[in-house]
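Single-structure report; data block below.
Each chain gets a letter, A, B, C, D and E, in the order it is written, and its residues are counted from 1.
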Amino acid sequence: MPPKSFFELMQWGPQGWLDEMTFATGLTLAVAISGFLFGLVFGTIAAMGKLSRRAIPRRLADVYTTVFRGVPDLLVIYLFYFGGSAMVTAIAQKFGAQGFIGLPGFLTGTLAIGIVSGAYQTEVIRGAYLAVPPGEIDAARAFGMSGWRLLRRIIGPQVLRYGLPGMGNIWQLVLKESALVAVVGLSVYFYEVKLGDLVLIYETRFSDLLRQAHVAAGSTRQPFVFYITAVVFYLLLTTASTWAFRRAETWATRGLRQV
Amino acid sequence: MDFTFLYTSFLRLIVGIPLTLQLAFSSIGLGLVLAILLAAMMRSRLLPLAWIADGFVFVFRGTPLLVQVFLIYYGLGQFRPYLDEMGVWWFFRSPYYCALLALLLNTAAYGAEIVRGGLQSVPHGQIEAARAFGMSGFTLYRRIIAPIALRQALPAYGNEIILMIKATSLVSTITLMEVTGLAHKIISETFRAFEVFFVAGAIYLAINFTVTRLIALAEHWIAPDLDQASRPIEVGKLSH
Amino acid sequence: MKNGARPAVEVEGLTKRFGPLEVLRGVTLSAHDGEVIAVLGSSGSGKSTLLRCINMLEVPDGGTVAIAGEPILLKDRRGGGREAADQAQLDRLRQKLGMVFQSFNLWSHLTVLENVTEAPVHVQGRPKAEVTQEALSLLEKVGLADKRNHYPSQISGGQAQRAAIARALAMRPQLMLFDEPTSSLDPELVGDVLRVIRTLVEEGRTMMLVTHEMAFAREVASRVIFLHQGRVEEEGPPAEVFGNPRSERCRQFISSQLRSS
Amino acid sequence: MKNGARPAVEVEGLTKRFGPLEVLRGVTLSAHDGEVIAVLGSSGSGKSTLLRCINMLEVPDGGTVAIAGEPILLKDRRGGGREAADQAQLDRLRQKLGMVFQSFNLWSHLTVLENVTEAPVHVQGRPKAEVTQEALSLLEKVGLADKRNHYPSQISGGQAQRAAIARALAMRPQLMLFDEPTSSLDPELVGDVLRVIRTLVEEGRTMMLVTHEMAFAREVASRVIFLHQGRVEEEGPPAEVFGNPRSERCRQFISSQLRSS
Amino acid sequence: DASAQMRKVKIATEGAYAPWNFVNSQGKLEGFELELGAELCKRAKFDCEFVAQDWDGIIPSLQAKKYDAIMAGMNITPRRLETINFTTAYAAGAHGFMVLKSSPLAKMPGGEYNLTKDLAAAEKAINELKPMLKGKILGVQGSTTNLAWAEKYFKDVAEIREYKTTEQHDLDLAAGRLDATVGAHSAAKATMETATGKDMMIAGPGFSGGMLGLGVAVGLRKEDADLKTAFDDAVKSAIDDGTIKKLSEKWFKVDMTPKS
């Protein structure tokens, strides 16, 4: 293979890698968004647990954040992928099913990312809650607000205000966490290849951005082209999300005087 | 469970702990200083300064640490003649220094954003009060803004510390054998991924557990009046 | 306009302590529909704490509070102290209470108008259009119509206080708890607030208000309570309490008032 | 105790706008050592803004402020507005000013005592032991000695206001800016504050205070200023302004005062 | 029809180890093992499907039954045999050092040694290399037989650094952070054809067999004995009729047919 120029490598279509890199970016984004949203759910619940007056939810939330922040993310993903499949298989076999049942990579992967990022989001949400002026919460209580309503109308918007920078960090983290899911594989589509008189069905792993760069680097032996391209694509995602987060922040800090 | 195997794996893995801790804590320490500097620059009225800081945070927060490590080590390795000429090759030649540099730049970018968030949560009136008494510049930051911001930022910064401890696992890409690198090595010899990761996970958990407790202590220490029990969220009542 | 059997609020033997400090040591009082009770007392005597105990923002250590004859259910909490036993009941009763906080506590992420419409729309579930209409007329009444789209950080102290008053009024509460509602208001506005309170009283609503302004208390109150060292030291119609206080402490307190003319 | 040539504060043609709203439209005034100026005006008339412009917490759009004869240097900012030209000068001058904010703005991470000692120690660089001594005696004076180790979130409104007063006094400022310093205080404490202010005046210090309490203004002020629509509508000794106001608006404002006895 | 009775077999490959297996710019798997795999399946009458899998998870996933076989340039080793099973080897080649042409190590003596057949001769050659390698830094891909071999013989004289991929130690060799890499000659040759490798050369003797592995083979679960029989037969027939020779010459430019 004679070395190709950057532009030869980065063209759209069957000759170049641009289309693969673009799809990979899309997948990364999809994994990140779902993982982050899962995390938001877990994080909100655990933050409420941590802030609870009751000992049991507090303990549980504490164990959750300590363990899932404490152990390497890859381990959590392995646990989900292998452990989860084994469990589902065992349950299915109890009901008479046969053979091995694989969990869809996308679901297990995003769920694992959700659980991990949720542990981080817990701390951000808790910190932000503590920054909300207590008087404003008192006022809402005094008017008969409590539970979800209080959370949604008064605490939520203010937690958003103080928590957004921290959440932005976690979003960035999740964006890159999607690379870990590649380890357990994200199968997305199949296609057929004719090889002489033989028809083979290939399953392609629709890779995330980082693994795609790795694969392309291995295939072309030109690592820097692909890692730098990956950086550019990541930065495109970051540009979009930084913009979105800044807008959200401007909106969330309306009415707040800046230093 | 094969306890002898777990135990021998453990004995082999703890050899990597000093490197893990060394990298984590030196990058966190240096990174925090840089983060504060960056956050100050981001809020600066001198636009070029703010732009530089924004750009830095943008790039280092926006790309995977793995790629940063890779590009700093292998990428700069491509420019050896120039680095030699500048007399900095000794630095970039060493995988340890390259890892430290990548980790510290990365954590500084994240840290800057956390510090910025903390500063944003300081009630405006309290800053005005300090200004009205002639405080400004460094004293204002040190005495009023920083302590209040710290209370808000500490939970998020605790996250960052833990992330950095785990992030050190990426440096095995550039031949540094810390805990995760050693774990991979044992797995490649035994293929018992699950058990080895279990032991490695337990080691990280133990380190991070200690760190979270220290952070919780610190939180209590800097904000004794913010005893969170005094303003709990009423979870039990969410059912209504 | 019932007057009698079921007092709008009934407080019985209320005690509250903060650490070693016993702030309330057995306060008993009641207010009937259409009554205006002025609570006097020196700074730190527990006036705000009393109001905050009535709507359970502070859960009292002992004693009971009943709203419109219905006692607020409390239960012991493990590890000491008490808490509301039935949040649904508490929320329901709180909707009958309006409160103006000493430090206003406006919601900083909402505009003045949104602050006023928030609870009626989202707690009482009243139609937004109708509430907005009413809110605008309330803001008009307190002279804040032109600030309706400002955020709390963009208005003056007196304006914030008036916004807090409008916010509480928009709930159409049966019982209003005012914590120094006129402290930041100029004399003209004090007059306005006085007029608003009188209209409410005519509608049969009940008020409890903490104030340091004797003149205001005298004008507005049907009964005056003087808090001292966690107890009700003196209680009676304003003419009596101001004109001829029985306790030494109360006499001293009242006579220290500066005369303005 | 100089009196004359160099006024403690001199404000000349001050203007300030918030968006479309012109809050101050050319305010000119000065105060000499030992003077106490009471600023009156309806809510939203710009009283707080005037005080905040004097110590440049709000930078005025036009006009100048001079402290002890030294004009605060301002420069145009790119993109409109102005800003302090010399931060060191501003910091130095601000040390001569004390301020009690309408909303107190106590530092939430410091105890009451620490709030009081913070600026003297860390801005003026005075020895900590000496400052603490003085702070304790100030807290004693305002009746807060027993709350010295409480955090701002743990004290009552009136206690916070007194802590804010003690904090400002501890700076031993040449010019004190009080924004409604007695709004949350009971009559006895108002009397105490009055006494403190009188002592300061006797030491030759200068005060500007915003108040809604005419009685207090009458007792304490050597001169009264009535702000209306961004201008000084009336100015003179209290007896004159209260007894015989020249402008219609001022007359109306003053007569709306409730009489307490 | 016929395909309905054909057994479905899923084969995992890494997809990042050119020219053994890699993903081309169309996102399709390609390489020596892909073509060979198709041949083997045709002979065994399997309905095959290739999947790409990260190297780190490749054996655990086999055990978790995510797929049935591995063809990923994987060497037969005693350690791996403890966990999984291998067919008979379908490729074998020499292993050795790659250095920069300008390096003093370029002058290392050559030769061919088989660790299985004549261990004594091989170890003698190794001992002769030791003085030259004293204090040098060697780069090896982690988790490979090369690493185990390098550690066994050179740990006491040289510093050994572990890399995730061969491409990474090649980059470090180019940058001058390493004095030599240890790896398969086939991979070294592939590197030498790229821009990074243009100043590199294979130096010293080639070693094969023994702990360096008994050749590259299809990895299978131990319990799938029937699969092993079928694949074994297919590999043997592909060796016998020269298919493997033809394919390896196409992809590696050398004959990698295992010599029995």
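We adopt the following convention: contacts are C-beta pairs under 8 Å (C-beta built on N, C-alpha and C of every residue); 3 or more make two chains touch, one makes a residue touch a chain.
What you are looking at is a predicted structure, and each value in this text was computed from that prediction instead of being measured.
Minimum number of contact steps separating chain A from chain B: 1.
Taking the mean of C-alpha positions as each chain's centre, the chain lying farthest from the centre of chain A is D. Note on interfaces B-E and B-D: more C-beta pairs are in contact across B-D. With respect to chain B, maximal separation of chain centres occurs for C (centres as means of Cα atoms).
Chain C and chain E have Cα centroids lying 82 Å from one another.
The distance from the centre of chain B to the centre of chain D, each centre being the mean of the chain's C-alpha atoms, comes to 45 Å.
Centre to centre, using the average C-alpha position, chain A and chain E are separated by 35 Å. Measuring from the averaged C-alpha position of chain C to that of chain D gives a distance of 29 Å. Of all residues in chain E, those that touch two or more other chains are 56-57, 60, 171. Shown for chain D are the residues in touch with two or more other chains, namely 103, 153-154. Contacts with at least two other chains are made by residues 74, 78, 123-124, 151, 193-194, 234, 236-237, 240 of chain B.
Looking at the complex, you find that chain A touches chain C at residues 53, 133, 135-136, 138-147, 149, 153-154, 157-158, 161, 252, 254-257. On the side of chain A, the complex with chain E involves touching residues 1, 3, 9, 14-17, 19-20, 78, 82, 85-86, 99-100, 102, 182-185, 187, 190, 193, 195, 198, 200-205, 207, 211, 214-223. Every residue of chain D that touches chain B in the complex is listed here, in rising order: 55, 57, 87, 90-95, 97-99, 101, 103, 105-109, 118-119, 122-124, 151, 153-154, 171, 177.
If you check the complex, the residues on chain B that touch chain A are 43, 58-59, 61-67, 70-71, 74-75, 78, 110, 113-114, 116-117, 119-124, 127, 145, 151-156, 158-160, 162-163, 166, 169, 180, 193-194, 197-198, 200-202, 204-205, 207-209, 212, 226, 228-229, 231-240.
Across the interface of their complex, chain C is touched by residues 18, 40-44, 48, 102-103, 143, 154-159, 162, 179-180, 183-191, 194, 212-216, 218-219, 242, 252-254, 256-261 of chain D.
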